[in-house]
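Have a look at the structure below, then the notes.
Note that the chains are named A, B and C in the order they appear, and that numbering of residues resets to 1 at the start of each chain.
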Amino acid sequence: MTTVDLSRFDNAWYRPGATLKRTLWVLVNAWVLKSDLPYPSLLKAALLRVFGARVGRGVVIKPNVNVKYPWFLTVGDFAWIGEGVWIDNLAPVSIGAHVCISQGAYLLTGNHDYTAPYFDLMIAPIEIGDGAWVGAKSIVLPGTRLESHVVVAAGSVIGGKTEPYGIYRGCPAQWVRRRVIRPAADALPETAP
Amino acid sequence: MTTVDLSRFDNAWYRPGATLKRTLWVLVNAWVLKSDLPYPSLLKAALLRVFGARVGRGVVIKPNVNVKYPWFLTVGDFAWIGEGVWIDNLAPVSIGAHVCISQGAYLLTGNHDYTAPYFDLMIAPIEIGDGAWVGAKSIVLPGTRLESHVVVAAGSVIGGKTEPYGIYRGCPAQWVRRRVIRPAADALPETAP
Amino acid sequence: MTTVDLSRFDNAWYRPGATLKRTLWVLVNAWVLKSDLPYPSLLKAALLRVFGARVGRGVVIKPNVNVKYPWFLTVGDFAWIGEGVWIDNLAPVSIGAHVCISQGAYLLTGNHDYTAPYFDLMIAPIEIGDGAWVGAKSIVLPGTRLESHVVVAAGSVIGGKTEPYGIYRGCPAQWVRRRVIRPAADALPETAP
């Protein structure tokens, strides 16, 4: 029976960024992003941008957020990142506009090839479409694409493909129903006469 | 297809407390309640009471506990709040007497109307009956009432209605069996002659 | 109906270590192990050993790791302990060689007898066999033995008995398939002529 040998694990091919940049980010992340104090979202967005993130306008970032590599992060306009969210982006994570990532959610991009003798690192991006909602304490697995306006219920574990406006729940998450959004009270009719 | 617009999100109706009070609590919560150092339960209970919580006697509060708004919190006599518990009480949370909230559990009271174009905030209280046990790393959803002596197994996600003395497990949690408690060795018989 | 009475909870029989030792460990754990700063694994392994842990060579320990009692901890050669892992070892936890405990995983050894009127503490050890992989944000329940090269998928809750090289997923986790590891490219054939 073949066994795994972590002493020969080799991720030298994975070069996520210059050492100095990563070291500085560890400090900013620990002292500002992960702080329990309510630093302004504008400050945190500005720091993320300094380190290479693309962050839209009107983004809300709550306390105790953990971002691995900001230069692999894109956040659209008016998106929200809740308290205690962990964006573990060894690979690119793209969060659309008007997305809500609720408190305690975890976005996972790293994996290992468990069929490989040295447990090779594998990474895969996450894309979250406009208007989606990742519920509190839920987990998004590597390589997942949450389509436009998907809802992931609190505490769920989601991976693979999704359908636009699908509501998913469970561990692993299953499609449960379709999300229907009411027109705004002041909206123009969709089909004008 | 209607889309969600978080730029028009409006929770002005939600007034959880005066700004000064909330700001002071953020500091006390970050420096004392959420500390990894083992400050005495009596100190933490006293601080919660100063900020409006109703906390019974004999309450045990472990390190790294996160309470959103103490003025929305009631804790009964001899209840335990474990390490890393997060009481995210945008709405009232009532914890009965002799309740154990185990380590890492999360009590969620906030929600959003995902059918609304501006993703309206919704809140709902949590009530936990006497003698209940919320297992480690489990999640209690908004509006849940855990009846007397309910058990929620570790890592479960529970919502909705429960039966007294019911044992629940899974994501979402299902009833698995009834909890039967042995009489104490020194107890008087329940039906005296 | 019998009720539970936590005011009479009695765990005096449980003597996990001298008060001074436990107090010092709380400080080292809070300031070094649980720090978000990337202290060297060698330093953290050395501190664990000073407090009685048996830690092999080549062990990797990421930031923000929480260990309850190091004197109840054994970690084999070339094992990895990921960011945010919580080893809540009221009872012995043994982690084999070449094991990966991924980020955010939780190892739980404490339990309560919910049929007892005073909610007696129960503890049970965890053993993790060589080459196993405990996925990110998964939960290992008290008394679990993960056999050699078991894989627990991210976000799962696992307990009870397992089969060697079994892959488990879900809440509660179920066996899903067998793990097959390819021979290393430079490996000698298993059966030489």
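Here is the rule we use: contacts are C-beta pairs under 8 Å (C-beta built on N, C-alpha and C of every residue); 3 or more make two chains touch, one makes a residue touch a chain.
Everything numeric here is computed off the predicted structure, so don't read it as measured data.
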item	value
Same or different contact residues where chain B meets its copy chain A, judged by the half mark	different
C-alpha-based rotation, chain A on chain C, 0 to 180 degrees, nearest 5	120
Chain A and chain B, separation of their C-alpha mean positions in angstrom	26
Sequence positions of chain A contacting 2 or more other chains	171
Chain A - residues contacting chain B, complex	36-38, 58, 77-80, 84, 98, 100, 103-104, 130-131, 133, 136-137, 148-149, 151, 154-156, 165, 167, 169-171, 179-184, 187, 190
Contact set on chain A toward chain C in their complex	1-8, 26-27, 29-30, 34, 86, 88, 106, 108, 112, 114-119, 139, 141, 157, 171-172
